[in-house]
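For reference, the structure discussed in these notes is given below.
A, B, C and D are the chain letters, set down in written order, and residue numbers restart from 1 in every chain.
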Amino acid sequence: MRLEIGNFPVEDIVFGEETSYNDGLLTINKEEALEVVKEDEHITEADLVIARPGEEKRIVPVKEAIEPRYRLNGDATFPGVTGKVESVGEGRTVALKGCSVLAVGKHWGSFGDGLIDMSGEGAKYTYFSKLVNVCLVADTDEEFEREEQQKKNHAIRWAAHRLAEYLGETVKDLELKEEEVLELEPITKRSQDVNDLPSVVYVMQPQSQMEELGYNDLVYGWDANRMLPTLMHPNEVLDGAIISGSFMPCSSKWSTYDFQNCPTIKRLYAEHGKTINFLGVIMSNLNVAMDQKERAAMFVQQIAKSLGADAAILAEEGYGNPDADFIACFAALEDAGVKTVGMTNECTGRDGQSQPLVTLDERADAIVSCGNVSTLIKLPPMETVIGELEALARDGLSGGWADDEKLGPSVKEDGSIIMENNSMFCGDQVLGWSPKTMKEF
Amino acid sequence: MANLIPVAETVGANRMVPTISIPYPLGDPESSEDEQWKLRYHRVGVALEALETAIDEQTVFEV
Amino acid sequence: MKKAIIYINQFFAGIGGEEEADHQPEIREGLVGPAMLLNQLSDAEVTDTIICGDNFMGSNEEEAVEKILGFLEDKEFDIFFAGPAFQAGRYGNACGVIGKAVKEAFDVPVISSMNEENPGVDMFKKDIYIFPGGKSAAKMKDDMAKMAELGNKILNGEGPLTAEEEGFFTRGIRHQVWLEDSKPAADRAIEMLLKKVNGEEFKSELPIPKIDRVPIAEPIKDLSEATIALATSGGIVPVDNPDKIQSASATRWGRYSVEGLDNLPNREAGEFKTIHAGYDPAAADANPDRVVPLDALRAYEEEGRIGKVHEYFYTTVGTGTTEAEAARMGQEMVEYMKDEGVDAVILTST
Amino acid sequence: MENQKRIQKLAEEHGEENLVVILGGAEAEASGLAAETVTNGDPTFAGPLAGVQLGLRVYHILEPEIKSEVDEDVYEEQISMMEMVLEVDEIVDEVKLYRDKYCNFD
C-alpha cells in the first residue's frame, strides 16, 4: 500500500477575501468557512478565532483537534464522518502542516475536554501550543446533554472535521513542494533481508469504553466498542480512518490530529528495512467487562502469532480501568513470545504515591511512561480566553473542579487557574511525542 | 464484588466475587428484570458464602 | 544560615554500647559524635544532637517519640538527619521511627542512611529519604557525605531530586519530569524494543513495584447473627449529593441511611443516582441496586441468612482516585462501622 | 573505645609531640582507621577522639622505620611469621596515607 501525502507548511493563518494558500500563508474566508460549519443545523452559534504560538491565549474547553487534509480522488477525508465509508491509506492526500482545527465549546465543556495555553508555563504541557490553531468556537442545541458531564459533542466535532476538510481542499490544485511517501510491501511479499529483521507490530488500544454509541473513537466511522481487534495498515491510521472520541480524561486522549501524525508509526516506518520489519497495526480497543478485555487480548495475541511477530509496541489511550486491558494485552503478547514494549501514562496521584497503574503484572517489564495525569498545575491568567474559562471548573472536566476545601475552585477570580494535568489537551502524548517521563523522587 | 478482578487482586483484596460489567455490576439492563434479580440475588449469595469461607490466599469465588 | 538537628544512638554519642541501650532520650545543644562530621559537611548549622538508646526506642517507642518531639517543639530547624545506621537493625528502626514522626510533626525534610540489609530500609523508605550505606561505621564519612549532599541540595532549592540521580532508595513516589534531551516517547520505545529483541539490557521507565498484601480476615462464624454493611466505589449518592463527593479523583465519601428501604429508589424517583464520571451512568441511575445490591441483601435478611443489613451504606467514587486517598477513606469508614457493630462488608466496585 | 580514651589521656599527660603510636592490626582497613583516629580523629565519630585532631606520629609495626628500631631476634620471633601472611604493602600504604596527611610532627 502506498500513500503519498503532499505537505504544505502553514506559517500563519489570517482571514481574508478568499480561502487560499500562498507560500506558507493560509487565508480563510470566514463567512464561507462558517457556512461549512453550519451545514449541521444543530450548530446554533459559531465563530473562528486564530491562536498562534507565543500569543497570550488560553483555549478551553477543547474537544478535538484535526489536521486540515484533503483526499485528491475526492473521497471523504474522514470516511464515515465527512462522507461515505471508503478505504483510505492508498493514493494521494494533501495536508496543511503546522496547523490544526480545534473544536472548542463556546460555553459548555465535558469530562473529556481540555485546555491549551499558547504561551507561558502552560504551553509546555501540550503539543498544540506549537501549532497555528483555527479555533472553531461553537454552541449547539444539543439540550439533552447540556447538564451531563459526559457529552457526545457530536455537532461541534463533526463540524470541525468538515472544516478541516474544507481548509485542506484549498491546496488540492497547487503544485507539490514536499511529498511524504508511506509505503509498505504486503507482508508475504517482502525481500529476504527485510524478512530476516525482527518483525514488529504496533498494537493500539483506542478509547472505546462507553457502551452507548457516540462517545468512542471511530474506526471508519464504526464505534470501536463494537469491534474486535483487527489488522490495519498503518497508512489507514495516518490517513483519517480513525477519529478521536469524546470521553477520555483529556491528557490521555488521542485526538484525530495525533492519529493522522502518529509519531510511533512514523518512527516504525523509519526503522523498517533497517532494524525491523514493520508488519502493521493491530487495532484493538478498551472494554468495560473483564471477559471483553480478555477476548480482545486473546485476539491481539492470535493476530500477532499468526503474523509471526517477534515484537510489539503496545499503547493505551487512557488510564485507570483501561490499564487492565493494557496489562492483559501485554501479558498475552509476552506469553506468546512476542517481546513487547508498552507505552502509557500513569496515575500516581498529586503526591505521587499511588500505584502507577491499577493493574500490574511482572510480565510488563518494558514500559515507556509519558506522564502523571494527576499532577497539579497552577497557571497565571491569560490576556485572552477562547471559549469559556469557567467551563474548566463548572462542567466536570476531568482535571477541573468547582470547589475544593484546600485548593478552592479551579478557576480563580483573576483568571488564574489550578487544575490537574488530566485536562491538558492531549498532554501525555502516548502516541509518541511525549518529552516527559516518570521518575522516583 | 468487582468486574475488574485483576484490579482487585492488585490492590490486595482477599475475597473476590466477579460481577458482570463496570456500569452495571449486578444487573444487565439488556436482560429482563427477573433475570437481573436472579443474578443479583445469586451473586450476593456467593459473596455471603465467601464471608463464611476460610481462605489462606487471595481467592476469586466461582459464580 | 539554615539549621539542622541530628538524631544518633547511645553508642555514637559515646555513652556506651549494648549495656547502655536503655538510655533515655536526651537533647544536647551542640555537636555530639557524628554531628561534628555532619556540621563539617552540611551547608546548615547543626545546632543540637538528639540521643536515645536503641532498646529504649524499641521497647518504649511511644514515650520516646513523645519526648523527642517535645524537645523539638521550641527549636527552629530546617532539616532533620538520623544516623547513619549502617547494618544495625534497632538503630535503623529508631532512625525511621523518629524520622517519620519528625517529618509528620514539623514537615521538614528528613534524611538517613542504612545498609540495604537493614530492616529499617523497607519499613521507612517511603517516609523519609534513606541512602544505601555501608555495613559498619568505617563508612561513616561516605554515608554522612551522601546525606549531607542531598540536604544541601534541598536547602539550596536544587532539583529535581530523583532517586536515580541522587541515589537514595526509591520511595514509591513518582512524578512526571521533562527529559533533558526531550527525547520523544516513540524514540524511547523503539530503542527499548530493539534492546529487548536483541537480548540486551534495557530499563523500563515503570518498574513494576511489589504488590501490597492485606492480611486476610477471619471468616464469619455465624452469618445469621452478623450485621452486614454495603459499600461501593460506584458513586451512588442521594440525588443532591449532599456531601459533594467529587465525580473523579475523589477525596470525600458519604454514608446514607437505608433504614426501612427494600431497595434504592432511583434518580427518577428523586432519591439515588451515581455521580461517578468514569462509566456510563444510565444503568445505575435507572436502578441503583445494580451497583449497591440492597434488594438482594434485604432478601437474605428476611430469610434469616444474615442477621441484619447495617443501617447505612458507604459510598465514594473510584475513578482517578488515588490509592492513598482510597485507603484513608476506607479507614475512616471502618471507624464508623466498628463503632456500630458491623461484622462484614460487601464492597461493590464499578 | 577504651583505647581511644587511653590515648587521649596519654597525650594529655605527656604531650602529643612525645608520643608515637605503633599499630599491630592485621588488615589494611582497620589499621587505616586506627591511624586516622590518632591523627585526624575518630572517623566513625563514635569514640572520645571524634572530632579531636591529635596529629600523633603513627606507624605500623611492619613498617621499615619501626623494624629497624627493633632487636632483630625479637622481631624475627614475634613478627616475621605475620610479615609473611599479611598484605604488608597495603597495610603500610594505608597507615602512611593518614600519617602523611594528618601527622603534625616529623
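Simple rule for what comes next: a residue touches a chain if its C-beta (ideal position, glycine included) is under 8 Å from a C-beta of that chain, and two chains touch if they have at least 3 such contacts.
Source: prediction; values computed, not measured.
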More C-beta pairs touching across which pair, C-D or A-C? A-C
Using C-alpha atoms only, the most centrally placed chain is C
Whole-Å gap separating chain C and chain D, where each centre is the average of the chain's CA atoms: 49
Chain A to chain B, mean C-alpha position gap in Å, rounds to 35
Between chain B and chain C, the Cα-mean centres are separated in Å by 29
Give me the residue numbers in chain A that touch at least two other chains, ranges are fine. 209, 211, 288, 321, 355, 360-361
At least two partner chains per residue is the criterion; list those residues in chain B. 3-4, 7, 10-11, 22-23
Listed in rising order, chain D residues that touch 2 or more other chains are none
How would one label the connectivity among the chains shown: line, ring, star, complete, or other? other
Go ahead and list every pair of chains that touch. A-B, A-C, B-C, C-D
Residue ranges of chain B in contact with chain C within the complex: 1-4, 7-8, 10-15, 19, 22-29, 36-37, 40-41, 43-45, 47-48, 51-57
Using the touch definition up top, name the residues of chain B that touch chain A in the complex. 3-7, 10-11, 18, 20-23
For chain C, which residues are in contact with chain B within the complex? 211-214, 216-220, 223, 226, 228, 234, 278-284, 286-287, 289-291, 293, 295-297, 299-300, 305-306, 323, 344, 346-350
Considering only the defined contacts, which chain D positions touch chain C in the complex? 1, 29, 33, 43-48, 50-51
Quick one: which bits of chain C touch chain A in the complex? Just the residue numbers, please. 126, 160-164, 170-179, 182-190, 192-194, 196-198, 202, 204-206, 208-209, 211, 244, 246-249, 251, 277-282, 319-320, 322-325
